[in-house]
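Next up, some structures in structure tokens.
Each of the next two complexes has chain A plus one other chain: chain B in the first, chain C in the second.
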Partner chain A sequence: MNELIKKLVEAYGPSGFEDGMRDLIRPEVEAYADEIRVDALGNLIAIKNGDGSGLKVMIAAHMDEIGVMVTHVTKEGFLRFTNIGGVLPHNLMGSRVQFANGTIGLIYSDRIEDRGKIHPLNKFYIDVGASSPDDCPVSVGDAAGFVRPFMAQGSRLTAKTMDDRIGCVVAIEAMKRLKSTPHQVYFAFTVQEEVGVRGAMTAANHLDPDVGIALDVTLTGDVPEARPMAISLGKGAAIKVKDSGMIAHAGLVRLMKQRADAASIPYQLEVLDGGSTDARSMQIANAGTAAGCISIPCRYVHSQSETVDAGDVESCIQLLVEILANPIEL
Partner chain B sequence: MNELLKNLTEAVGVASNEKEVRLLIRDLIVDHVDEWHVDAMGNLLALKKGTGASPLRVLVDAHMDEVGLMITDVDSNGTFKFEGVGGFNDRTLLGKVVQVGPEKIIGVIGARPVHLLKAEQRNSVVKMDAMRIDIGAKNKDAASGKVKVGEYAAFVTEYEELGETAVGKAFDNRAGCAALIELLRARPYPFDVYASFSVQEEVGLRGAQVAAYGVNPDAALVLECTPAYDLPNDDDVSPNVALGKGPSIYVMDGVTIQDPRLVAHITRTAAANGIPFQIRQPGGGGTNTAVIQRTRGGIPAATIAVPGRHAHTPTMMINLDDYANVVKLAEATLRSLTPEVIKRN
Partner chain C sequence: MDTFKLLKTLTETGAPSGFEEQIAPVVQELWEPFVDTISVDRVGSLIAVKNGRAPEPRPRLLLAAHMDEIGLMVTQIVEHEGNGFLRVTNVGGVDRRQVYAQLVTVHGRKELHGVVGNLPPHLLPEDRRDKPYGYEDLVIDVGLPLADVEANVSVGDFVSFRQPLRKLQGKRVSGKALDNRASVAAVTICLEYLQGRSHDWDVVAVATAQEETRLLGAFTSAFSQQPDAAIAIDVTFGKGPGASDENTFDLGGGPVIDRGPNVHPGLYQGLQEAADSLEMSINTGTHSRYSGTDAFGLQIARDGIPTGLVGIPLRYMHTMVESLDMKDVERTGRLLGEFITRLDADFISNITAALMEEEKA
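Our next item is the complex of A and B:
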């Protein structure tokens, strides 16, 4: 599975520019899907047919990652940029980004006068080795994603885009293991989550599911001086109860707990203070969807060293399979 | 003199009070479209049937509304309190002339003269809630007889042309409306074109949301007037867009990532037709593309805009060549749009 994780987490796919991600995921799911669709915004939807006795269930894992977009090329050939999604200035110094055409850029900031302060984003620039706008291989409007190799150290897995390529991995693995299901299951690999859960919104409008489950990372409270949060790496799948954009369907939360208990899958209950997921979009699509989220606990979210625990990933896969393999009664 | 721009910008249509503009546009397009109707929110929707060569259904949107003010209260001295309808930089309001209500009563947004300002007041910005509209009424009763709470006020600016530059109010987005009218007056396109002259963009992209839901097109093009900021600057920073450098093409703004396939189609079309263009600096702002794109199962959408200086003030400026090139680029973009451009495999 680490091979699949490595392939997905190292790939390029800032929000709005997920074509390459779709091309990577498609062959991974083709053998396990009865039908594959790509919708107008670019969501990849792999459908697994049920036996007709169950519900319409949408599973959402987003393919996109945070990134940057060029706003200006200076006369010396440096690039000013804006953020695509939640890019934090203090994670930027010395990091590397890659553009769709393969160009690598290094990020640094204007002179630091006060070491106690972090520059705002517009004081950072990208150096692609150009010396003027004329020899600059990228231009205004081009998007870049971060570059950082995948690392597995013991059970800890680190990458630039665990958010949310690890959710994509959970979906793909669950598809592989799911032998049969009573449900019509739509595995949606969504676009533009990081800029406002946009892809899942149109996918859910179109698919009109009864139940929606997002697969995404969540924060943890297990690092030095962390904001208190009852989620730790290595303690199992996180069943979302609430985040700042959604209160999960109580019946769905109950069902997730029951399935985890019955199959002895370790889990933790998640209340996330800040942030939301594709579940929010699914919940309020059309006339409403019973929505919830299985979260993969993750340290250092939106940095280039997002870290998850392999055991938690396994628990999330197992829990999703248990839910989809059995009847869902809400 | 561009009569179309003159008539459209001098008409009054503050968000949710677009009737005057709607009637004007209706009369300008009625002979060039096959069907038209006004929907529940007030969007003017028109169908220009295609030649039948292509199965696409394409929406072209331009919002009719402009930013303005609403009367909220009358003071004992006969002046009126007001609030903004749409976004303002408060400091641009002082000393401006406005037309209030259906009778277009003239008023001024009063300002304390410089003679009477204390030193600290000279360096501070007066907030909108401290400003009043003065219609010259002698007392509260006289004022209330002419203007009612809840009525709209709009700027008063006569359209003028200074060489290739046009000055006026509400180029945002009557420039887009004018371009869309010109598109409807052209010969039929390969596919059905649905025009939406939409309402309430300035207060939250509201009209286009229901227009797109009703039309449910395969693709959409939004015509806008985007703020230019190209005045002298010491730093080496991009102007977001500059006057006279051609149509402005959006890639990403504060609320939308434009469909990359349509953006590529537009830039290719511009290059192929020798039309200058500029990529609008990615960052803040937002257009109706945001809500159209996320309608129903999703609609590929992109934006072409006329650069306009001094947006959301009574005196905007556009370059007439830019405007003409927006019309040209939008028309060429439509005529060369095929299902393959937006096909997903």
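Our next item is the complex of A and C:
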């Protein structure tokens, strides 16, 4: 599985620029899907047919990642940029980014007078080795993703974009293992989650599922001076009860707990104070969806060293398979 | 129907946003005798339909009163000398200054009564005595050892505030969750009012879910029910010491009919005419952008729904001593009922045509 993880987490795909991601994921799921669609916004939807006795279930894992976009090229050839999604200035100094055409850039900031203070984003720039706009290989509007190789150390897996390529991995692996299901299952690899859970919104409006389950990372409370949170790496799949964007369907939360208990899958219950997921969009689509989320606990989210535990990833896959392989009664 | 008993039943049921399964059966029992169909939808809203007498397909009016309330949720179980305490976070817009020292019910494997505790001022450093506690300071104490707490409570369990509804003077009452069970009560009174009267339109009464967090039930029920018009009913700000004159309303002064971008002028006018025919005193409320109510969600469902907004004046919103005058609740119910009996086949075409008329000099 690490091979698949490495392939997905090292790939390029800032929000709005997910074409390459779609091309990477499509061959991974083709053999396990009864039908594959790409919708107008670029969501990749792999459908697994049920036996007609179950519900319409949408699974959402987002393909996009946070990144940067060029806003201005200085006459010396440096690039000023804006954020795509939740880019944190304190994670930027010395970062490397890559554009769609392969150009690598280095990020640094204007002179720092006070080492205790971090510049705002508009005081940072990208150096691609150009000396003027004329020899600059990228232009205004081009987007870049961060560059950082995948690393596996023991059971800990680190990459620039576990958020949310690891969710995509959970979806792909679950598709592989799901021999049969009573449900019509739509595995949606969504676009533009990081800029306002937008791809999942249109996909859910179109697919009109009864149940929506997002697969995404969540924060942990197990690092020095962390904001208190009862989620730790290595203690199992996280079943979301609430985040700052939505409250999960109480019946779906109960069902997830039952399935995990029945199959002896380790799990933790998640109450997240910041952030939300594709479940937020699915919940309010059309006449409403019973929405929830299986979260992969992740340290250092939105940094270039997002870290998950392989055992938790496995638990998430197993839990998703257990849910989809059995009847869903809410 | 005894309005105090009705409000008491409704407000004393603990059901924070997302946990409407606690309150939906209570509302269902109240509404069932008055309606033709009733069911819970897939986000937890309760939807009841009372058929009108016009030939099918009949126009439909949706009434939305949210049944969720603000509350808390367990985030951690912590241990102190063998006893178990709960850390919590807010569900909906809880006023952080008033969480300390409240009575609560923890909805765990079984329901546990608890209190929200921290240190008394005597034991606090001087510079902290005047400051409200944050969630990181507060704990819920259910009076049990850690093992018993862990056996009964999980992270993610809902916690509701516990406060009986009390009578003040006259027809004033005070308690929790009058936002917005007072409006659920008003819809109940409206449905009862309609029993002896005939109305052409179908009435779709919805007790919406998760208003306090994201107006979820408004968006989704308006989509599923496809009404021709809708009215949101919610509490609004009562006048009282310290309150500005602007957009606050006397308790007992009657329902507040809102104008503003979330409201269709035709609904505003129709509600006014209904009040006139009842010789009922009303006030006009305004919102300049976002009404902060289900009306915001109802209005933009599907291809747009002409929406009205009726408010019940209430003091001390989002506290455990929310106060209102029961006369306003009763009047709101009658006003909605009267509005409904006056609806005819041409109502929508008339209010639409009115929008096309040239501005009268």
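The criterion applied here is as follows: the second predicted complex is superposed on the first by the 330 of 330 C-alpha atoms of A that agree within 3 Å, B and C clash if a C-alpha of one lies under 4 Å from a C-alpha of the other, contacts with A are read in each partner's own complex, and residues count from 1 in each chain.
Rule of thumb we're sticking to: a residue touches a chain if its C-beta (ideal position, glycine included) is under 8 Å from a C-beta of that chain, and two chains touch if they have at least 3 such contacts.
If you're wondering where the values come from, they're calculated on a predicted model, not measured in any experiment.
Visitor: Identify the partner contact of A:A248: answer first if only chain B is touched, second if only chain C is, both if each is, neither if none is.
Guide: A:A248: touches chain C, not chain B.
Visitor: Per the contact definition in the header, classify A:G16: touching chain B only (first), chain C only (second), both, or neither.
Guide: Only chain B; A:G16 stays clear of chain C.
Visitor: Classify the contacts of A:V140 with the two partner chains as first (chain B alone), second (chain C alone), both, or neither.
Guide: first
Visitor: Between chain B and chain C, whom does A:R177 touch in the aligned arrangement: first, second, both, or neither?
Guide: A:R177: touches no partner chain.
Visitor: Is A:T289 touching anything from chain B or chain C once the two structures are fitted on A? First, second, both or neither.
Guide: second
Visitor: May I ask you to decide whether A:H72 touches chain B, chain C, both, or neither, giving the answer as first, second, both or neither?
Guide: In the superposition, A:H72 contacts chain B only.
Visitor: Check whether A:H119 is in contact with chain B, with chain C, with both or with neither, and answer first, second, both or neither.
Guide: A:H119 sits against neither chain B nor chain C.
Visitor: Looking at chain A, which of its residues have contacts with both chain B and chain C?
Guide: Dual-contact residues (chain A): none.
Visitor: If you look only at chain C, which of its residues touch chain A in the complex?
Guide: Chain C reaches chain A through residues 17-19, 21, 41-45, 73-77, 87, 89, 91, 136, 154-156, 210, 213-214, 216-217, 219-221, 223-224.
Visitor: Help me check something: in the complex, which residues belonging to chain A touch chain C?
Guide: Chain A reaches chain C through residues 210, 228-230, 239, 241-242, 245-251, 253, 268-271, 273, 283-284, 286-290, 330.
Visitor: In the complex formed with chain A, which residues of chain B make contact?
Guide: 236-238, 251-252, 255, 257-258, 260, 263, 279, 281-283, 293-300, 342, 344-345
Visitor: Spell out the part of chain A that touches chain B in their complex, as residue ranges.
Guide: 15-17, 38-43, 69-72, 74-75, 80, 82, 84, 139-141, 143, 192, 195-196, 198-199, 201-203, 205-206
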